[in-house]
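You will see chain A twice below: alongside chain B first, and alongside chain C after that.
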Partner chain A sequence: MRRGNSSPTLLPVSDEWPLALPLAALFVVCFVAPFFVLLALSLHADADMMTFSAAQYAKFFGDAFNLSILWSTLWLAVRATLVCLVFGYPIAWVCSRAPARWQSALVFVVVLPILTSVVVRTFAWIVILGREGVMNDVLRALRIVDEPVPLLFTETGVIAVLAQVQMPLMVLPLFATLSRIDPNLGDASAALGAGAWRTFFRVTLPLSAPGLVAGCILVFSACATAFVTQTLIGGARLVYMPLHIYQQAIGANNWPFAATISVVFTVAVMIVLYALNRAGRMSKAYGDDR
Partner chain B sequence: MASHVSRRQILAAGAGLFAMLPFRAHAQSKTLVVATFPGTWNEAHRNLLAPYFKKRTGASVTQSIQLATEQLAKLEAAKGGRAPFDVAILDEPQVYDAAKQGLIDEYPVAKSPNFKDLFPAYQDKWGPKISLQVIGIGYNPKKIKTPPKSYDDLLNPAYKGRVGLTALNSQLGMAFLAELNRIKGGSETNFDPGFTALKALLPNVGAVAANLGAYATLWQQEQVDIAPYNFNFVQTLKAKGVPVEFVVPETGLVGWTTSLHLTRNAVEPDLAVAYIDSHLAADMQSEMEKPPYDIIPTNSKVPLSPAIVDTVARTPADLSKIRGFDWTKINPQRTALIERFNREIKL
Partner chain C sequence: MATIADDPASPKGRPEGELRPLGRRRSGEAASVGRSRPTPWDVRSQRVVFGVLTAIAVVFLVGPTIIVLLTSFTATESLRFPPRGYSLRWYRALLDADQMQAAAWNSLIVAFWTTLASVVLGTAAALGVAGSRTRFARIADVLFMSPLVLPALAFGFAALVYIHLLGFHPSIPLLVVGHVVVCVPFVLRTTLAALAQVDRALFDASASLGAGRFMTFRRVTLPLIARGVGAGAFLAFMASFDNVPVSLFLADERTEVLPIHLWQQIDTNLDVRTAAISGVIIVVTIALMVLAERFAGLSRQLSR
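Moving on, here comes the complex of A and B:
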């Protein structure tokens, strides 16, 4: 913002906007255009793609099986996001309040999982969650259970793995916002008589809302669409939307229906993200009002 | 409302966008892109066939590991342009579809000196059969002391949570369902008995792998102790020290042929044929037949290995007696079967 008069509430339009053109072009070629191809595909009535109609959408919404898959996918992602939030917020807080020399080490530890491929990480979780896996060995050694408990191919297992795999996406944005909060605000709140929880809910939490919303958006969309983790840990009996699309496109070779599921799924995820964004703005407004 | 926008045109629009990206750069020495199956196949192809082929032609091989159904989908998507890989590996059911959809070319027999050495039954005009895959029951001898005798043993309540299955996108899953269906009185046109049997089996099923690659891991982790499995996949796992044995059920083995194909609009068609021909060579098939791959040969000059003689077939004539299915009848129902399977097994 070279021009001093630009207000933070307005878009910072300046002469630099052409810098965004290459990315915009890439976005149009690699996302917008294929999305329209997908949309066109989904509007065909039959697998041979001879007739245009909305029949595939009628088929999707007319069948409780499809709707239950859509619902369970969104619900799965919501729960995994909440787990990320509950475990990620304290980590981000600790990172942001740590002495500078510790901070980079902590952030490195948080980022460490991303340095390994998601496929490798997920296969490692098969070893951990399996019937003869590390987790069951520990539970049995501690005499918490006698028989191995099923963890692999359960929704609990999928949520746990998704939360671990996507945790950095939650911690990093939270860390960024939390470390920008002036520590004096907390002291001021305490000096004015607020307890630790009151300070957290009335000061810290609203101020960290942008990072929180960004983290939730990233984690939610990553969890909802995590084909590898969902299929390897969940198996074929827990059908989520990505596997449903894969099976229709590849196994059944029914591209119009696969495209329909994809479009519906994309729209559903976007609606959730929009709602998250709105919630974030409202909480920001709440924070600004105080 | 009828339209004249065909599948081809829509895909061409998509393909055109992708064509701008340099997916297949040409290196100085030639590279052949081939499809291979996960498991035993990609290992045997990488460790034996690729070096053999390199010695013969000087070209190197890039593997693309995918199931037959995935290959068809990719070839269909690339139709009209250059093929994403030059050699396809298909199981019997997909060959009919690939030929019908124009995804593979007829095999140029004249350019393939080893072709004539195959048993006549394996000399298919769409591409030579490179092996026969058979399924029976795999089990973990550490956990299951009495070897199973039939598929009914999978229903034993003692195996609750120990039985594994794979989804129907793999030929293993599809062939097992078809066999279960046949045993229970169904036919290629009536899968009701098969699905009834599957439902009865579900309480014992601890894992339905969505991915064939993950299936092997489940055995290694002893998550699955008993399940329908391919003969050579069991042999490969066994060689790695995984506790697993293969038994032929009382109802017999079920098998299907596996073949290599020259894809339509292949980038390196001559190299592709040389690669396929290498797979047919007697010395190559003798190598592949040895443990840990135990790939059943189709070349008439290759004697059957002891492991194959012990378990699968005493003579090549026995191989031709292994039961198959009429895939031309089952293929049209594939979509419906997959859908029904998903509904029945969903938790």
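Moving on, here comes the complex of A and C:
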């Protein structure tokens, strides 16, 4: 399962790397090059790229509004990731201990939301969170509230929906690592006198760290850039970076500034992912040390 | 139980229950019951906590899909759940929704070509990267996976700026190229996972029996990784069919795709036809998932 251990040769010839060239060429021309063009555009004052200037960046970082959007986007993704973790970990844990038949049923249930169109999933939440929606009916029936409360177009709503929409990205890598943990380790821990909770926090949780980090990376980046969910559940009042880019690019037709926002956003996400990745590598070194 | 002595916190001779400080703190006297009972309190409490959280999460995961499915059969003009009376009227209304049908058709065409290109390029790249220890292979691996985690909307806008600079206009082929970039990582991932489990001795065996490179690929490698490639193809298809961030910038009115059409419709005037098309998408997705499970072992492919 771990790549690179046995380094399988796919054909009886030692190295097959030229097979990756077509895709590499596509990525250089259609992925790397566009990002460089974007970077170049962000360093110009006009869309025709005639005058070189750093004015767009000065504009972005000089305005507290832009910075608050960047911050609220990252913070939103962090909170949604934490919700995914709190509910995703137990699913993965139960899944890894369930009998085989239940396992595929559970994975199926987990995977269903991520394969259903994100627009459809978000639309479902509009039906649920609206003033006349299911959630308000339930809250009123339980006498938690008397009047319908606004849930749509609130940050709490966005976090809840993001967590539901992206949960599978947390569960799948966690399930993969959890099911690879040797069950004997748990037994050994119990035989040495540790209770179930202690075993969980001292043995299972540390050993599952690589999957946990992988899940956090996927969920964080998906939540930060979840344009559909952010715009439909958050509405026009709650502006996050993706909508900010879209509004500047299409609404205001200010391409250089939209490019600047895109570059700043991409770099910010890369920094968070790099930090998570480092944490993952450290935990992996710890986990493999057996 | 000689190892007990190794734990500084638990000197020899203590009763067993005492060895679980966490347990004692949480339950007080219950800890003295000890491990001899079939399910001690801590095991049981762990099962309850994780079980309850899982149950909530499962309802949370599946609930919205069921609610939207039931709502789509409403006989009224409102999106209230539970609906007052059921009918197929909104599904019949879909038959006249020309714009939506055109968008759905565009989406299917784009997803088809995207999947085809992703499978060919992704499988080849997986074969190249998995067998290679070179610097190129390592860099390529990171590069190929990066569309999964970098802001897709930034890429969508970058692609728009790029094709504008090159003097192109939005078209279906360009949309397909953009989709391939964001969908190929799925094929790559599942194919690499499948390749990692293949025993290289099989290739040596095939070669020593006189098979050429292509013969070995067709008769040995391909059958062994087919399920991984199949699962990747399915995921790439769904990802393309569902893509918004790239289509948002690379599609115009003529090449409008379904998710964009639905997104705009939900944003401007919410109507029940959206629930009906959602119902269709959900049912088709479940059907495709069952097929993918049957032929590619989807749930196993995704959980390794």
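To be clear about the criterion, the second predicted complex is superposed on the first by the 260 of 290 C-alpha atoms of A that agree within 3 Å, B and C clash if a C-alpha of one lies under 4 Å from a C-alpha of the other, contacts with A are read in each partner's own complex, and residues count from 1 in each chain.
In the analysis below, a residue touches a chain if its C-beta (ideal position, glycine included) is under 8 Å from a C-beta of that chain, and two chains touch if they have at least 3 such contacts.
Just so we're clear, the structure is a prediction, and the values are computed from it rather than from any experiment.
Enquirer: After the alignment on chain A, I want to confirm one thing: do chain B and chain C clash, or do they fit together?
Expert: Aligned on chain A, chain C clashes with chain B.
Enquirer: A:Leu41 contacts which: chain B (first), chain C (second), both, neither?
Expert: both
Enquirer: Check the residue A:Ile144 against both partner chains and state whether it touches chain B (first), chain C (second), both, or neither.
Expert: It touches nothing on chain B or chain C.
Enquirer: Go through the superposed model and pick first if A:Phe65 touches only chain B, second if only chain C, both, or neither.
Expert: first
Enquirer: Answer with first, second, both or neither: which of chain B and chain C does A:Ile126 touch in the superposed model?
Expert: A:Ile126 sits against chain B and chain C alike.
Enquirer: Applying the touch criterion given at the start, work out whether A:Trp255 contacts chain B, chain C, both or neither, answering first, second, both or neither.
Expert: Both: A:Trp255 reaches chain B and chain C.
Enquirer: Which partner does A:Ala176 reach: the first (chain B), the second (chain C), both, or neither?
Expert: second
Enquirer: In the superposed arrangement, does A:Ser104 touch chain B (first), chain C (second), both or neither?
Expert: Touch status of A:Ser104: second partner only.
Enquirer: More residues of chain A are touched by which chain, chain B or chain C?
Expert: Comparing chain B with chain C, the partner touching more chain A residues is C.
Enquirer: By the touch definition at the top of the document, which applies to A:Met50: first (chain B), second (chain C), both, or neither?
Expert: A:Met50: touches chain B, not chain C.
Enquirer: Please work out whether A:Ala33 is in contact with chain B alone, chain C alone, both, or neither, and reply first, second, both or neither.
Expert: In the superposed model, A:Ala33 contacts both chain B and chain C.
Enquirer: Which parts of chain A are touched by chain B and by chain C alike?
Expert: Touching chain B and chain C on chain A: residues 30, 33-34, 37, 41, 123, 126-127, 130, 132-133, 231-232, 249-250, 255.
Enquirer: Write out the stretch or stretches of chain A touching chain C in their complex.
Expert: Going by the criterion above, the answer is residues 1-24, 26-27, 30-35, 37-38, 41, 86-88, 90-91, 93-95, 103-104, 106-113, 115-128, 130, 132-134, 163-164, 167-168, 172, 175-176, 179, 190-198, 200, 217-218, 221, 224-225, 227-228, 231-232, 241-242, 245-246, 249-250, 255, 258-259, 262-263, 265-266, 269-270, 273.
Enquirer: Using the touch definition from the top, list the residues of chain A that touch chain B in their complex.
Expert: The touching residues are 29-30, 33-34, 37, 40-41, 44, 47-53, 65, 123, 126-127, 130-133, 150, 152-153, 231-232, 234-239, 243-244, 247, 249-255.
Enquirer: Within their complex, state which residues of chain B touch chain A.
Expert: Touch residues, chain B against chain A: 1-3, 5-7, 10, 13-14, 17, 20, 67, 69-70, 72-73, 76, 161, 165-169, 205-211, 214, 217-218, 221-223, 334-335, 338-339, 342-343, 345-347.
Enquirer: For the complex, give me every residue of chain C touching chain A.
Expert: Contact set of chain C toward chain A: 1, 3-4, 7, 10, 16, 19-23, 26, 35, 40, 42-43, 45-46, 49-51, 53-54, 56-58, 60-65, 67-68, 71, 78-81, 121-122, 124-125, 127-134, 136-137, 140, 143-144, 146-155, 157-162, 165, 177-178, 180-181, 184, 192-193, 195-200, 203-204, 206-207, 213, 216-217, 221, 235, 238, 241-242, 244-245, 248-249, 258-259, 262-263, 266-267, 270, 274-275, 278, 281-282, 285-286, 288-289, 293, 298-300, 302-304.
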